[in-house]
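Below are two complexes that have chain A in common, paired first with chain B and then with chain C.
== the complex of A and B ==
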């Protein structure tokens, strides 16, 4: 934590700019080259929003959640119910009750409903889940995800069950996704800087000591869980309105869970820089492997890799990074502030280091 | 009366399969502290090995599957888990999650994601009539295998030298190492034991359903987790108990739920886990060593 710039407001601004500007520049440049890359950029930025959302909870609390895909499902379906035009809704979702049939909100309000519903669900389920710690919490979050998927899978009148739900207005493009990702990053930084974030990080390092010092562990976790669920759900809403279709298939959501967790872990789950770098690297690798699966022209030959290669490649990248650098590529550090920006800050830290060394 | 006996047999045979799965997961958790997401995929590898070697006489098929699974489990330990042994339990869990994903999709690459069918041990799917009650051969096999294997495992842990060391490592790895226990050997033994449990589950699963996909391990892993959590993480008796409870609950729900709620059965089972964790976070049987100490 010695070089953690996020302990001062200057550092928050610095971290936001040093991560946000490259993301924005790269996204806008790549998106301007053509519609194919624009789609890849939008998709990646939506993933970034989700990963940052995941980071808000996992990074600060140190508890792995396998259940956040549930918030993606809940948020995106709610947004779909709100925004699909009523005339269309009557045809594709005849099982929806009458008052739901007639609702037609604009995309922003509809998305907001989805996000709020996910946050409400996170609050209710979090009241229970946050009493657990460590591995038990992870397993319970996985069970929670399974419950949600089973319910949505069989709730045919509202979700079309195993068939895809189509007809969502498609409005998410690179600019909107970029805005969402930047807002998510700013939110994550502000949370990290806030007293709640700091207290939660204390519980992550030593739950017993934090409790003894008067930190309400469960409450801190719950706050982070709700904020994180809301951000992840916002990513889910955007994804729904980017693809124009939704599915309840468990495998799709498990793959998504794996991908966003891998992105977080590869970069380093304890810093925002890690989240951003992980997304950038894995998005690149995934796109490369996808090209290979589609076929690769060398002279007269087309080499086509068997389907599944993309996933195997991602799995291997994640394994290799975890085994060689369990803390992730950034080792959980933010990008340090240059000296001329943070002279006072560093002096303070130097004293702190001195005192801890004396204490030892 | 007949219905009740039928129900109990169904519940015990389903529960037995779940109990074996849960013990395989619980054993590794107890000794290594690893929540093994890849355990169900070991079962899946066993199932596909049976598919590939179906031409042989059936004991040979089972033997080959056992050897393959032992090698896979040892390789997983050596390549993936040993390098991160000193890392936090969460890191270990994520490693196993990544391993599970990699194994699943390597099998998708090799065999495609469509279901394969195989007719293994056809004699087992015939029904026996005992005292006027029809029992599937597989159910009997499941019950017998559960009793024999849990008994053998308990004896192994209780009476053999390596079993003794296993208990020591599970209680306090550092102390065990200091008094001269070869941790790597003990952990390898635990992985071999869990591979043998996995191959049993593969055999029973294939004999019962006759179909497989690369994703079959997922459901088993989830059920295994559920059973371990309900029973108490790290206690083998608790795992077995948890497995039987989940089997009982599933069969009961199948019987008692109205038809339109049937599809939500799994939701009820998983909901039970969350409830269980709330009421009794340590599980039914809580180990003193499992509690976090300062």
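== the complex of A and C ==
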């Protein structure tokens, strides 16, 4: 796109700042007002991390994945095994083998183990999954998610099965979640700007033509899938250490999957701006509806919306956006750079070539 | 020594035989044209060489390697680039991005930048369009971009499928001027073209293809005087055609 700034490194910096600064300011301001909003902010930032992670794969490859929640499950449980103190672990998870019982890592290393395990799983599964495209890939990704959930549901010794796993150290707050979201956004932009991003978008436009131009389609998809899984898993790890509890219940993960997909679709799944704006809007609407469900005091009256309004409301927002702007609110565009910033860049073709050269 | 060596190539789509035992050679630095009517099998031949369709029988040798059954990306890496009839431009990506996608097999960034400049010299209409989405380009500009993108893989054999298709004569001139420049630079080209006059004006040798069989092979002069063209195009013996026109 002519006004897409993400073709130059100046544009990358611009896009990062124009999205990152409002996110950071809004998050820090809202979080400072009190513990209730701080929780909402943390939760939203964790979702933002997940949505940006999803965007890295879906936005660039054009393939819808319903399976990314599997990486949330895998990453968060692995982090839990690594970070729950051994004295706790003996009580909570007596079924864990002895060597796992004694492991106790600091939160960062433990989280990293979770992220790396998810990335490894994405690599192995991706080898097969990335050969598919379109709806077949989406269905296969969903099947993969189901398999993981069934395994974790029945792997009682390690996961407590259908019971919740509690006792995770709770360390995730608004600042850590903000840092994670900003790092995820930067990663997404760098990927978008890189050659892999460009070649992957070529396969999104026309896989056959990309192949004919020598692009290794499966390899490009796989790289994005692994990076995307790692970022989503990082969000999952944070969520585990934010709630302090984990569950293998499929419904919980399905709701989360559809919420983060809805955020991406509402904002526009082909731009980072879309991912960020989608999260902001749906998080706001969801919070508003939750307040209504709890009751709204006007004078002497309390208006209480029927419970479940939240889900219905999200559905309505998504429907309205899909009908009126099927490409999402941003129509898949980034926020254009103002002319006074980008003028230097348009000086000539020589510099354009120079800037694309940086995409190595 | 010939760069591309096709022997007894047969391509079949279901019950339809598109090619029935075609043999041809392209030497390095040579421009070979394939001319013939619709459905002669010209595109099928290019598709088989590029690895898009799998031949039923026959061999395709390129610089000593056997290409039959090789995946498309490997064929591109071996040094063959195809500019398909529909051009296969990435319309939502910019012109410069399209060119960079063509260089996906390479990592020599200085060489890539040089090649982008060279393509700008080859088709002077392109450089000012670099930042534009390729879908906004005219048909001729898209054709130039498609050729440019194919060149970005530094092919040793360039295959062009109907580069004049749907283009105004003046635009076709610009495209063929580029092809002539490439020929002068020593690029081996296999050119498929319905417009026989245009094709014969740039090639060293031409094959006349009809109904999946090579009917005639020769230099442009030999073909022009053979009189077989009418027969191949209209499906009648040349003497009947001659009588008809008399």
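Assume the second predicted complex is superposed on the first by the 343 of 360 C-alpha atoms of A that agree within 3 Å, B and C clash if a C-alpha of one lies under 4 Å from a C-alpha of the other, contacts with A are read in each partner's own complex, and residues count from 1 in each chain.
Convention: a contact is a pair of C-beta atoms (placed from the backbone, for glycine too) under 8 Å apart; a residue touches a chain by one contact, two chains touch by 3 or more.
From a predicted model like this one, the values you see are computed outputs, not experimental measurements.
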Could you say whether A:7 touches chain B, chain C, both of them, or neither, answering first, second, both or neither? second
Where does A:132 make contact in the superposed view: on chain B (first), on chain C (second), on both, or on neither? first
Chain B versus chain C as contact partner of A:198, first or second or both or neither: second
Per residue count on chain A, the busier partner among chain B and chain C is B
Jot down the residues of chain A that show up as touching in both complexes, chain B in one and chain C in the other. 208
In their complex, what parts of chain B are in touch with chain A? 35, 80, 83-84, 87, 89-91, 93-95, 97-99, 101-102, 104-106, 108-109, 113, 215, 218, 222, 225-226, 228-229, 233, 263-264, 266-267, 270-271, 273-274, 277-278, 281, 292, 294
Which part of chain C faces chain A closely enough to touch in the complex? 50, 52, 72-73, 76-77, 82, 84, 88-94, 96-97, 100-102, 104-105, 107, 109, 112-113, 116-117, 120, 127-128, 130-133, 149-150, 153
Within their complex, chain A touches chain C through residues 1-2, 7, 195, 198-199, 201-202, 205-206, 208-216, 346, 349, 352-354, 356-357, 359-360
Where on chain A does chain B make contact in their complex? 62-64, 66, 125, 128-129, 131-136, 138-140, 142-144, 146-147, 150-151, 153-154, 207-208, 251, 254, 258, 261-262, 265, 306-309, 311-312, 314-316, 318-319, 322-324, 326
